[in-house]
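Chain nomenclature is as follows: A, B, C and D, assigned in order of appearance, with residue numbering initiated at 1 for each chain independently.
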Amino acid sequence: MRDKTNILKEETSVPNTLKDARAELALANRIVANEGVIDAFGHVSMRHPGDPNRYLLSRSRAPELVTHEDLIEYDIDSKPLRDPQTGQYSERVIHGEIYKARPDVNSVCHHHCPAFMPLLATGTDYVPVFHLGAVGGIKPPYWDQQDEFGDTNMLVVKPEEGASLARALGQNWIVLMKRHGVTVAGTSVKDCVFRSIFSARNAEYQVRALSIGGNVASLTPGEAELAGQISRKTTGLVRSWEYWSMRVAKSGGMPGAARPIPKPKAKPAPKTRKGAKSRRR
Amino acid sequence: MRDKTNILKEETSVPNTLKDARAELALANRIVANEGVIDAFGHVSMRHPGDPNRYLLSRSRAPELVTHEDLIEYDIDSKPLRDPQTGQYSERVIHGEIYKARPDVNSVCHHHCPAFMPLLATGTDYVPVFHLGAVGGIKPPYWDQQDEFGDTNMLVVKPEEGASLARALGQNWIVLMKRHGVTVAGTSVKDCVFRSIFSARNAEYQVRALSIGGNVASLTPGEAELAGQISRKTTGLVRSWEYWSMRVAKSGGMPGAARPIPKPKAKPAPKTRKGAKSRRR
Amino acid sequence: MRDKTNILKEETSVPNTLKDARAELALANRIVANEGVIDAFGHVSMRHPGDPNRYLLSRSRAPELVTHEDLIEYDIDSKPLRDPQTGQYSERVIHGEIYKARPDVNSVCHHHCPAFMPLLATGTDYVPVFHLGAVGGIKPPYWDQQDEFGDTNMLVVKPEEGASLARALGQNWIVLMKRHGVTVAGTSVKDCVFRSIFSARNAEYQVRALSIGGNVASLTPGEAELAGQISRKTTGLVRSWEYWSMRVAKSGGMPGAARPIPKPKAKPAPKTRKGAKSRRR
Amino acid sequence: MRDKTNILKEETSVPNTLKDARAELALANRIVANEGVIDAFGHVSMRHPGDPNRYLLSRSRAPELVTHEDLIEYDIDSKPLRDPQTGQYSERVIHGEIYKARPDVNSVCHHHCPAFMPLLATGTDYVPVFHLGAVGGIKPPYWDQQDEFGDTNMLVVKPEEGASLARALGQNWIVLMKRHGVTVAGTSVKDCVFRSIFSARNAEYQVRALSIGGNVASLTPGEAELAGQISRKTTGLVRSWEYWSMRVAKSGGMPGAARPIPKPKAKPAPKTRKGAKSRRR
């Protein structure tokens, strides 16, 4: 089994080139989408591995379709380094302002996961109801754009809106955006993906527990502290990343396997004679 | 990336030929089906791009199977322009009467989406619980066929039933049909699909929020007004349409890729010798 | 479009040969399984098209795997006409006793659909919350094996147990078996499948409506009577059967396409040289 | 049909070689994962068929990816017989301590199935709400790591933690781990898989029943005793195992069919000329 172990080590080591980092970020986008955390909207970014004052984020595109070629390089003020000549995510300041405020954060995910929506619509606090839910902490902070900015279209598009959200996040790993969504931070892309998915799973379980009434038990602060360290151990990150990657591959959604979407044809192609066709094959 | 941008612009421009419009409408039917808004029943139509007094709607067929060849041309009174010599949707007056009453509407979707059913069965008002839910407005109107027409089979088949529903819709974008389903209007096929899917997502989140009790927060009127304009911006429509199209393609359901359903065989084909078979290939 | 219409007519006409009937029944088993009504357990039968005192039912096998070759011919007392030399469903008397009691019934489905379970566990009455739910009637009867037979393993295996269930069914189309499952009757295989699937959908919607509290509205008796006739019209049956068949085909589960399940290999095949492999193809 | 019967008998006979046993255990891991009982975490083990003081468990890997090559041989104190030179499950003492305490148990499954989470978060007792739910018994015991060990990371990693859990299990077949997950025991791998899946299905139904209020009915002790014997009959195990295997095969997840996950490519391959490509094929 030595060979396999080596392969795993190689796969999970910190990407040491920008090329690998970009490939990892593209796959991260597809993983969170494939796991139901993100749909057409939402995004995952990473701090530039070679320059802490830059970050990488896809052009305006559904995360499940993102490839390394879609990634745009932004400075810390969320200005693209080069004119991308394409549509950009309007909410990119979420990423830039968190990277500015939190030097320990190297990846950010913003989403509107269905599992969280019942909490966000009712202002119910998130609590970890099992060990893996500890990645979100106990009662992480809420933020409501209305409080500071009044009526908006709810999108976090101005630098001051992003900065306000980053302040609300504080030293936590997730911040709940009332009547909107969630923003998750991580020390690495894999850590951010792990936190995004397992906090969403925990939210799902908590909501279903609330729906049957009774008291929903939380981990204790001590348990949450200790269980929260699981994601920092390589073994759990490796196992889950391999699992989620396999699921992306099964769905036909690997970045390397991405094929152009066939356009609906207005007219079916004329039938070729069977003989002719099989000859050509 | 200039090329990609051009491709995107081309894809999302208003279809300028009837052929493209028909292909778009077939795909729209498959998208709403693939996203779980419609099952065997329900339908999406579009106003004829060349004649505001006509509209296009599939023959009686599950939307996930519709191709451009299934589309029938109707006049504004929901009479087919030519004898279609095939089964027609009995509820087509829903479409015709809304096109008659609302010149700004160019596409209509009627469905019985599971996400809405708990609201429709209890008469609970729909409220946007996140920004994309604003596509349905705040507390859109309810309509109950029983009120005006007494006991029926609940299908909207008579012109006066369709006209009554269109009156209830008024200047809104969705109307809730108690103990039946929902009808959604849009300024274009893409707008109608966007409204159909995101209002269904919002209904799902609202229902789950209601199931845990507590007060379910709505967007404010100001927020709903501003967030409701998101779907009018090209970028959101493009991103989500590309995403949903990819999902249809992944499921093997692209109109152009549609193959005849294999009939169950009563008798398995006789086994050919392996050698013979591979020779024939 | 004349051709298409003819094809549709042909497809939905009553199967006029035993061979076609057996193929239809195999597909019916796969449809209800593929739609989530049945899992490893449950079954669909049909009255023998040539002899009202016989019926056809699969050998003991998960319905999603049933082929026409698995069907066993039973007499009205649920005795196989020939020694099947294979395992049989222990609950086949459900089918036989209903065929005995109800000459108008030509197909029976027994299942433990998740959608119904919350009703069956709490004894909550089923009510149609939308027009297609009318296929189950208003408040169909409940039956509890405990009432007449005391402690059993809950399976309906004795003729008297089946007869008791048939009496409870009476002139209804579905009977709810408390803490067990549901049995559905139909005038034909397609009618039985239609009733099984849409009553399950309705149960799902009703349960979700109950979970948000409030009063769940039922169709009125007049509406239920009129809407209940929808399934007797060919158009609805055709449309939904084609849709469900397409979904079975998409899942790779068509009877004619059934391939033997690959066995897990204890040893991976030795790698062939690439060149050699492509030559053999 | 004689042939088919023979094949079935062969497939379900107790594996008489270690090679077959290892293949069965790999498939068992994939089945419980594919049925939604296990995700990236959780595991299924079996007692060594040739030595009751040993057991087989995968290296640290998501169960849906496990092959026979991943299995590690452990002694009854959960020490690997050979240095596995790879990551191991930290919670393996769950398995070892149950094998130590329960000579009649030959397979163990530990999981965090979503269906159980609402019960585990609220401390609600599990009750069988339909016959197949009897595999979990009536009100099986609860265990909370906090009670005996105070604040931990919730993982069962020390031998004394595993022994405590085994004591809580007692003579039952499942034990509920509050704010964590479930551990299931079985007389064989197939029995353990059957109990794991159907207890999870029952939990799902019970939770949904609780969400609509009202009294949730349990099987009586007599019914549970009789219905609990269903899984000991070969016919039910055979039917469900074949069904679940087919579903693994459909998902492309058969151990024998496992292919290496394609890595995302940082650079698309240069396009080959069409002619050249088809020649090479």
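Assume a contact is a pair of C-beta atoms (placed from the backbone, for glycine too) under 8 Å apart; a residue touches a chain by one contact, two chains touch by 3 or more.
Remember, predicted model here, so these are calculated numbers, not experimental data.
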{"item": "Any chain that touches subunit D and subunit A", "value": "none"}
{"item": "Same or different contact residues where subunit D meets its copy subunit C, judged by the half mark", "value": "different"}
{"item": "From subunit C, the most remote chain by mean C-alpha position", "value": "A"}
{"item": "Copy-to-copy rotation for subunit B and subunit C - C-alpha atoms, rounded to a multiple of 5°", "value": "90"}
{"item": "Subunit C-subunit D separation of Cα centroids, rounded to whole Å", "value": "29"}
{"item": "Length of the line joining the C-alpha centres of subunit B and subunit D, rounded to whole Å", "value": "41"}
{"item": "Multi-partner residues of subunit D (each touching 2 or more other chains)", "value": "211, 281"}
{"item": "Overall pattern in which the protein chains touch one another (line/ring/star/complete/other)", "value": "ring"}
{"item": "Touching chain combinations (by label order)", "value": "A-B, A-D, B-C, C-D"}
{"item": "In the complex with subunit A, residue positions of subunit B that touch it", "value": "1-2, 4-5, 8, 19-20, 22-24, 26-27, 68, 129-132, 201, 204-206, 208-209, 211-220, 222-223, 225-227, 229-230, 235-236, 238-240, 242-246, 249-250, 254-257, 280-281"}
{"item": "Subunit A - residues contacting subunit B, complex", "value": "39-41, 59-62, 64-65, 69, 84-87, 90, 112, 114, 117-118, 120-124, 146, 150-155, 178-181, 207, 210-211, 251-253, 261-268, 278, 281"}
